[in-house]
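Quick one: the structure is below, questions incoming.
Labels run A, B and C following the written order; every chain starts at residue 1.
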Amino acid sequence: MTATATSAGSGSRGPAPSLRHRPSGGSILADRAATVVLWGTGVFVLLLLGAIILHFAMAAWGVVSLSFVLDDPSDAALGGIMPVLWNSVYMLALTMLIAVPVGILGGIYMSEYAGDNAVTSAIRFAEEAISSVPSIVVGLFGLILFVDNFHMGFTALGGALALTLFNLPLMTRLSEQALRAVPQDERSASLALGATKWQTIRHVVLPLAIPGLVTGVILTAGRVFGEAAVLLFTSGIGTPAHYDFANLDLTNPASPWSPFRPATTLSVYIWKLQSEGLGAFKNQIVDGSAAILISMVLVFNLGARLVGRLLTRKLTAA
Amino acid sequence: MNTGDEMLVASTTYQEPLIRRVEVSASLAAEAATTVEREIKIATSHVSISYGEKVAVRDVSLQIQDRSIMALIGPSGSGKSTFLRCFNRMNDLIPGARVEGEVSLDGENVTDPDVSVVELRRRVGMVFQRPNPFPMSIYENVAYGPRRRGLNDRGKLEELVETSLKRAALWDEVKDDLRRKSGLALSGGQQQRLCIARVLATEPEVILMDEPASALDPVSTLRIEELMRELREAYTIVIVTHNMQQAARVSDVTAFFTMAEDRAGYLVEVGPTGQIFTRPNERLTEDYISGRFG
Amino acid sequence: MAQLTTANRMASLRAAPSFGERIDLPRRVVFLAAASMIGIVVLLLGFITWQGLQLFLKDGVPVTQVLSSTWQPDSTSPDVTFGLLPFIAGTVFVTAVALLISTPLSVGLALFLSEVAPRWARAIVQPALEIFVGIPSVVWGWLGITILVPFLSDTFHHDLALSLPVVGEVFRAPGFLTGFSWLAGSLVLSIMVLPTITSVSFDAFRAIPQELRTGSLALGTTRWQTIRHILIPAALPGVLTAVVLGMTRAAGEALAVQMVIGNTPVMPQAISQPVTTLTSQITLDMGNTVFGEPWQDALWTMSLVLLIISVASVVLVRVINKRRMAS
């Protein structure tokens, strides 16, 4: 062994090259090129996002104003987008009303109760499957289930239900992650004091998971707000003319508060305008609406970060 | 051996822990004088390493002779591993790490910004605490370094893989399924020898070993130590170890590190292993060796 | 006295669980919430499959006709034909080109974020990607119509572009050259799936143990060599998963594609040509057809095809990941 080592060892080597000598220049050059290209991808994404935001800021200039947000649509003038904006907010609230409790409860099961068994893996498979089903197909499922089978027609409720089942996997997964992030010690401490499992979840785990849960809710809300394909065939694509907010009769389809009426949202309105809109102000209206959608996306994203951080600070300080 | 004298001068002009520094350098110079026949492979002069605000290693100056084994010992947190990593500039990979002072390999300063770290690391190989074979066959693991250097000739590669595995004392155990078996399928001790073979295949001059046997069982540890003694014939080896028996068994020279009050590691003394373990100059070293501290 | 208390305690430990404990209502409620997703999947698969098969069962259209390339769904026409091949091929080709564009970009971006970017750069690029995810598809479609399509139309007609060796050939190929095209659809999709592929690949790269990087770099290899020969092979199952997920998203995207693709039911031949996809046709025709008529049944069959694609991709991702666990 020793003999092999000495015969092939450094003793037989010639003088070592200087460290400043660049070994096989190709690999160094390739490394430099790769570094430049990889930085390039990062710069590209930032430039693209910057360009998009700038584009909509410019396109919205002179279009988006208080009256654009608060007025009814008009055939003759620029008009406003008040009814569809209202519908977006209304549908968001209705969807979250169902999706948040169900999603958080499901998240609790997956994080606190689910064992390593066939049922759990079936739930996981279902979660992944729904997430991967195209939104247009979910919309069609809503059409067949709510519109045709339940004879509901195009309604806000049908749209909200379709949106709920489309976003349930996301809400469940985000809740599960938020709950799992709570340290195991906290659970053990509570159980050791004689609390039941549910008491532990209710009084220890859930409060500690609030920042994560709130972030999950806001992220889901962002996705719900912009979704259109699910709604085309569930809540309808008509253009509402005017809403009378004094009409509080929830069973009356004319009331903007009623879930039993067609409800075209902002996203659906953009799609409808670009595909069949003829008015002279079509492009301005779509630009303005898209700008509002983009700003909402920014608000939801920043909101999720900010609220998550604030709540964490508050909870850890308390 | 002017280098030793120069260091002595440099140390006396340096103001802070004056007395101890002079003593260390003096003992080093004396040591150097007794073993003149070997060249200095690595020399450090006033090396300090810090991460952001925290100083991890302060003002270390020492010399390592060609084809010898130097052991760096000391309590954990004394900066031995950090110091080891400045020889092949692995500290570059840690954001915020800063190395001051001079580290030279064959008289060339390796901390110079225009030194090619790629070339440096080819000449100064490294074996890590936890064996880290790549998720590929044994053959590919060993051929990895030479291939990246542009060696694609099949015959030469095979020869190089074989000699490297033989030198790492692994050949007989793996020669039958070199290309089929994954490096990850080997036992811990075999994996570490594979990592040594992988380093040998890049034909380095210096091999740095960062607690190479701490994750291994006693039998594998002995094999690695045996291997190190064989490799000493051809390579300069620097080993960081927690195991004092190991340092005493394998090394020619031992350097003892400890922590200052601000938790920065520094060199207490360096000398022939026999001397360090039997009659150290420093009280701190004696306490550590005899188990009163650390 | 003390003994008595202990005895009482012992007794209470052995006491039968209360009614509430036996039923464990909270557990049942949260289980129902989670299991509701199984119900949704079963219903969804059932309804879409049933509706999707009506074209064959009720309307008696032979499977061979569905696999032809002629789309003539109007019942007043003399030769009604429900060839779905143009839509399937459109979806496949538009998705394929989108992935060809997006995969290198996304994997590069994932590598940038995980291997190259200093902390500050990552802190800027990652939130930017999250905003990309949030941009609604109608906005992407609108950007496509107002910026990309006019740009492509100019380019298609530009002499310089036409005189280029390979690109010119592509642009000269058959098509209306309005800018509404296969290429426009693929480009819009490539940006839309970029965050998906990037974030899943990024996770795959982050999951690689640090020791492999230091092990490779310590042998005197460059960062790029380490990426190419160690990190990419090690992360390959994860990157593959990312591409499959991107593919699923691209194939299922409806509105943005429909807005820029030109909606022409022909077999795709040139990238400059207007074509159509399964989702685009459903989006366009669903509202204009009557429930129960063969035309609409053909649309349901298209949605069944989409459903099969997405379920297949879920299974594919599981297979890839099982392999990874095994190795």
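FYI, contacts are C-beta pairs under 8 Å (C-beta built on N, C-alpha and C of every residue); 3 or more make two chains touch, one makes a residue touch a chain.
Keep in mind the model is a prediction, meaning the values are calculated, not measured.
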Next item on the list: Please flag the chain sitting at the greatest distance from chain A, going by CA centroids.
Entry: B
Next item on the list: Please give the pair of chains with the highest number of C-beta contact pairs.
Entry: A-C
Note to self: Suppose each chain is reduced to the average of its Cα coordinates; what separation in Å results between chain A and chain B?
What the structure shows: 51
Margin query: As a quick test, compute the distance in whole Å between the mean CA positions of chain A and chain C.
Written below: 15
Item checked: Residues of chain A engaged with two or more neighbouring chains -> 23, 27-28
Item checked: chain C: positions in contact with at least two other chains -> 220-222, 225
Checklist line | Contacts with 2+ other chains: residues of chain B | finding: 118-120, 122-123, 148-149
Margin query: Looking at the complex, which residues from chain B come into contact with chain C?
Written below: 88, 90, 93, 95, 118-123, 125-126, 128, 130, 132-136, 144-145, 147-149, 195, 198-199, 202
Margin query: Give the list of chain B residues in touch with chain A in this complex.
Written below: 67, 105-106, 108, 110, 112, 114-116, 118-120, 122-123, 148-150, 163, 166-167, 169, 203, 205, 230-231, 233-235
Notebook entry, point to check: Which of the residues in chain C end up touching chain A in this complex?
Noted result: 21, 24, 26-27, 29-38, 40-41, 43-44, 47-48, 51, 105, 108-109, 111-113, 115-117, 121, 124-125, 127-132, 134-139, 141-143, 145-147, 191, 194, 220-225, 227, 245, 248, 251-255, 259, 279, 282-283, 286-287, 291, 300, 303, 306-307, 310-311, 313-314, 317-318
Checklist line | Complex contacts: residues of chain C adjacent to chain B | finding: 118-119, 209, 211-222, 225, 229-230, 233-234, 327
Item checked: Contact footprint of chain B on chain A as seen in their complex -> 1-2, 4-6, 8-11, 13, 16-24, 26-28
